[in-house]
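After this come two complexes, each holding chain A, first together with chain B and then together with chain C.
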Partner chain A sequence: MKTYKMVKSAFPDFIELIKTKGKLFGPVKQKSKYSFEEISDVKDLDFDYQRTVLGVKKFLTPPKYKTLTFNKEGTKDIIDEPETNIVIGVHPCDIHAVKILDRLFLGNIKDPYYASRRENLTIIGHSCLPDDKCLCQSTGTDMVEDGFDLFLTELDDYYLVWVGSDKGLALTIAASDLLSEDISDETIREYVRWQQKRSSMFKTVMPSFKYMADIITLNYDSEIWEQFGEKCLSCGTCSLVCPTCNCFNVDDKILMNAEEGFRERMLDSCTLPYYSMVAGDHDFRPDRTTRLKLYYTHKLKEYIGRWGQPGCVGCGRCVTYCPVDINVLTVSEALFGEVCETKEVCE
Partner chain B sequence: MWKRDKKPVVGVFGFSGCAGDQLAILHMEDSTIDFFTSADIKFFHMAQSHQEVPKVDIALVEGSINTERQLKELKEIREMADVVVALGTCACYGGIQYLGEDVKTFKERMKYVYGESGEVPEFLDLVGKPRPAQPISEYIDVDIMIPGCPISAENFVPIYTKLISGLLPQKYPMPVCVECKYEGNDCFLLHGKYCLGPVTSAGCNAICPSMDISCVGCFGTYEGANYPSMINKLKEIGLTEEEAIRKLKLFGGNKIEQALKGD
Partner chain C sequence: MIDGKESKIENTYKSHPVEIIGIKNLTSDTRYFKVRCMTDEVKDQFIYKPGQFVLFSIPGLGEAPFSISSPPTRRDFIEFGIRKVGTFTEALFKLKEGDTFEMRGPYGNGFDMKSLQGRDLIIIAGGLGAVPLRSALLYAEDRREEFNQVFFLNGARSPDDMLFRDDFTAMAARGILDTSLSVDEDPTGEWPYEVGFVTALIPKLVEKINSEKTTALICGPPVMYKFVIQELLKLNVPKDQILMTLERRMKCGQGHCGHCAIGARYTCLDGPIFTYYDVQHIKELI
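Moving on to the complex of A and B:
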């Protein structure tokens, strides 16, 4: 699709325009963390961020939400969320994560709750520069071609505005006063230089994903899992902050009057004690070791087998937030270490 | 659709504690009236002057057991109730009054408080002969535990309403960290500050971490807790092993005691 240029001085007007199209969310600094929050003033936006605690999944599969209400007469679905949400400042890794969630929730069987939220969400991406926790170059998710409505690449004096959908095209038409189509040779050179600079900034390289699935299979009975299991706090943080983890639990909650209630969906984590418990109190994964093994075999092996791509988008959230340093980087390094000592095999 | 044949008979009983869990029930505001109409409340010392206790279907028991008389009453409650619910951290794990259990003997503690004789004054005889504080599960079978200091309505109501509707509440233990990440909070442990979220039962909606205050563990122990790793982490951020264990014991009661012994 089309690409435009927008000078930086036009950006506040662009935000004002976007705000008329729906509720605008964007990265906001809150003490030691960043979070996608509702934006009332363009000054609240802070694009100089690495990662929010929760990704875009907070809009698509919120941590906790009601799916239906019930009373003595019957049930009523809570599906429609007519409000349009626009989230600006989404990095390529998080857009890839949304693509993975779309594949799961909008596949053969559409999840109506996800579908309505997805339909009402406009994603405006934003370019980023990596820190030492960014692994997206290794996972192949550092660039994004689709999955967004608009994408802004920030160069020195202007933004390149990439259009990724009809929704995005409609926004550029509305904002046509702020955009120009003047893409010169110099623009292209500037863009290429920026890309080269960005590529060279990746400091942390994960062991190759080319054989990750094989390496996990070979390590299935490895002692590594025990070592990580001993350390794991079973706190669930890794999966709650992971932008692609989407397992949920469902509970019916009755109100105090014992006559009506609601059904609630809440994000779950496979690292919690009863995650794999089935009827009759049979638990397939009673210990931390097997639960961690499930997490990583699913994310780094099963996803590759099923979709040809890992369930990790390299956002670095588990690297940042696990209190005891169990994350895709430390786990994959340990797994590769078991089978190969020489670096050449790993790279 | 579920239906109930009749309202179950419920009793709310309090032993040693601050009575905050009973107060939390009365403090549910919009739901308080419903509490008294959705079940047949036959015994609730804090709220009613007229008390009857022939037999209850569900007994909500708050507080730890600290005297012989309480122990006798607790056993009577177990006899007459179909379902016994331990309400609050004191009833579930022993509460703060469980602290000191391993520091001094009970006799030494009595002497420390009541003087050389180590005996309680006569006028206190009406509460019965003192015993070391224990959670109610030490003496009777407990069907459901709802920890909290005090319990939160959001956690209590769905469990309680399932019980009075004749349904089985979902048992799904999770630590405070889960609710903390639901709120999108950063982690104290990553910034060199202690927090007991990973070893503490959820149910509070991570209210303290969301207000930038470390979790002190008031909802009691989390079933999946990994204490050795937690203690290591606390040591890593500058606490001594002794300090770390003391923090864990504050609300951990008998469960921490058992965990540290390796039971």
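Moving on to the complex of A and C:
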């Protein structure tokens, strides 16, 4: 991987250059929350943030989009040639989330809607400092080596610019006037000091996360699931904000003229009622407990069996947004606590 | 595109038109549909295994999965047995011969009939379970020489509730497969075959089969599995040779929409055929 330096004063020019390559999105503060929005001026960008409401899935598997239109003449598939989008300011956890989505949607069977959006998305990562809801150190997703096109590590006076793909390399060639290859010993020392500072800032740890899959297996029949099920509102917020939650529903809509309509794909959540209902109204998961259990066992255990890695990247969105405090942290702690109590393995 | 690379992305959701070439009522709420692919190209590419399914598409109503009921040994048509249970099937029941709709697939693992060559087969259907198993049954009839003994045990609530009754009585008459057709109740008193639960027919096979070389193919209502499995285990049929086909909600058929997840498996990719061994190791399967 090639690495460059870019002095901060060159950053506005870098943004102007990037904007000529596609539609640029980046973190923008909106009241108290952040979201990836289209950037017209470099001043709109605010990199001093922990998490946007939605991750990069906003661009790859949007909350709602049309896949087919139909009228009396017939049907027409819509696989857009999407615009070339560039998203800047993506944190390591969210890049890991994209890698997880890639594994699902670009495996043996490629999802055409995801594939076309993914191909047309350039990801420029940005370094971050954690708050008390960031769990990425525990989930092992605080560092990222690939999955991005460029990654910017912000040090005092300059950025380190890491190249992660051919697309990224092409950008650095275009921006060669703004970049230098002068990586000195002092640069390396400064980088290491910054990483040490960042590592020491993580306040919330989940020491049990490494073996959470086993703990979930051991606790499969635990009453804890029912306690969480009692509290759960089945609102689906956890799935909406989770950067790796990708389940979708498909629905046909007919326009008021009753002559044309469209097929629409929208984000779904396994915590919502009727998620597992089949024809004849047989519901395989009729209660909140079994649905919540599906959410957490699938994310924290079954993903490992299928793709070698859990489906949680420690972004802290569920910790921030669940209205009743059911999140990766509280569920992991409760399950771990259960093992501690019943098996007397902890102090 | 930044790097100027062009790509051609295949639309894996592309449906193909099929024409209905036959319709008949199977029971009061279940109907047989026979369709044909409208181009030779689609027909030639539509290669399936018994136990696989397709997704029908009706614009305005959406898509829904249906098991294929015809055997892959017969190439000019595809058959289905469909129960009217909701808005989608209601619309389907309004279609007539000559009408067209769209379909994509096949999906799912299906029964690997080649791997069953030389084995004794016990094919056990309950109610609507006869739909996917009919594909395996007709396959076994068409390629009878590939298998050792083949037993077909079919259960229905009553003679009127029995799906493919004409087909199956003809099958019993042909005698190519050792066929037992049972009904739970026979209010008419005129049912010429067995009366009682289909599970009661299983112990009768104890002297006939070679357990180690036997594979059971089961499909029926969820409640049936438990009892059928108990009886098959008494016959010492190996746990990984008890194959059952399961139903789950599905929106994509490609392992992406998430609805059919059971443990780390997706019913649309890793199923709908699972073994009893899987059931013992995957929570929530049955």
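Just so we're on the same page, the second predicted complex is superposed on the first by the 338 of 347 C-alpha atoms of A that agree within 3 Å, B and C clash if a C-alpha of one lies under 4 Å from a C-alpha of the other, contacts with A are read in each partner's own complex, and residues count from 1 in each chain.
Assume a contact is a pair of C-beta atoms (placed from the backbone, for glycine too) under 8 Å apart; a residue touches a chain by one contact, two chains touch by 3 or more.
Since this is a predicted model, take the numbers as computed values, not measurements.
By the document's definition of touching, of the two partners only chain B reaches A:T237; chain C does not.
Once the two complexes are overlaid on the shared chain, A:N249 sits against chain B and chain C alike. When the shared chain is aligned, chain B and chain C each come close enough to touch A:G261.
More residues of chain A are touched by C (comparison of chain B with chain C). After overlaying the two complexes on the shared chain, residue contacts for A:P12 are found with neither chain B nor chain C.
By the document's definition of touching, of the two partners only chain C reaches A:L68; chain B does not.
Of the two partner chains, chain C is the only one touched by A:V278; chain B is not. The interface of chain A with chain B overlaps its interface with chain C at residues 70, 249, 251, 254, 261. Remark: chain A residues 21-22, 67-68, 70, 75, 77, 79, 84, 104-105, 107, 109-112, 115-116, 119-120, 122, 166-167, 170-171, 220, 246-252, 254, 261, 263, 268, 270, 275-280, 282, 284, 290, 294, 297-298, 301-303, 305-306 touch chain C in the complex.
Residues of chain A touching chain B in their complex: 31-33, 35, 52-54, 58, 63-64, 70, 72, 74, 230-237, 240-241, 249, 251, 253-259, 261, 266-267, 269, 272-274, 288, 320-321, 323-324.
Residue ranges on chain B touching chain A, taken from their complex, read 1, 3-4, 28, 31, 34-35, 37-39, 157-158, 160-162, 164-165, 167, 170-175, 177-178, 181-187, 189-191, 197-199, 212, 223-226, 228-230, 233. Of all residues in chain C, only 1-3, 5, 7, 9-15, 57, 59-64, 83, 85-86, 88-89, 102, 222, 247-249, 251-252, 254-259, 261, 263-264, 283-284 touch chain A in the complex they form.
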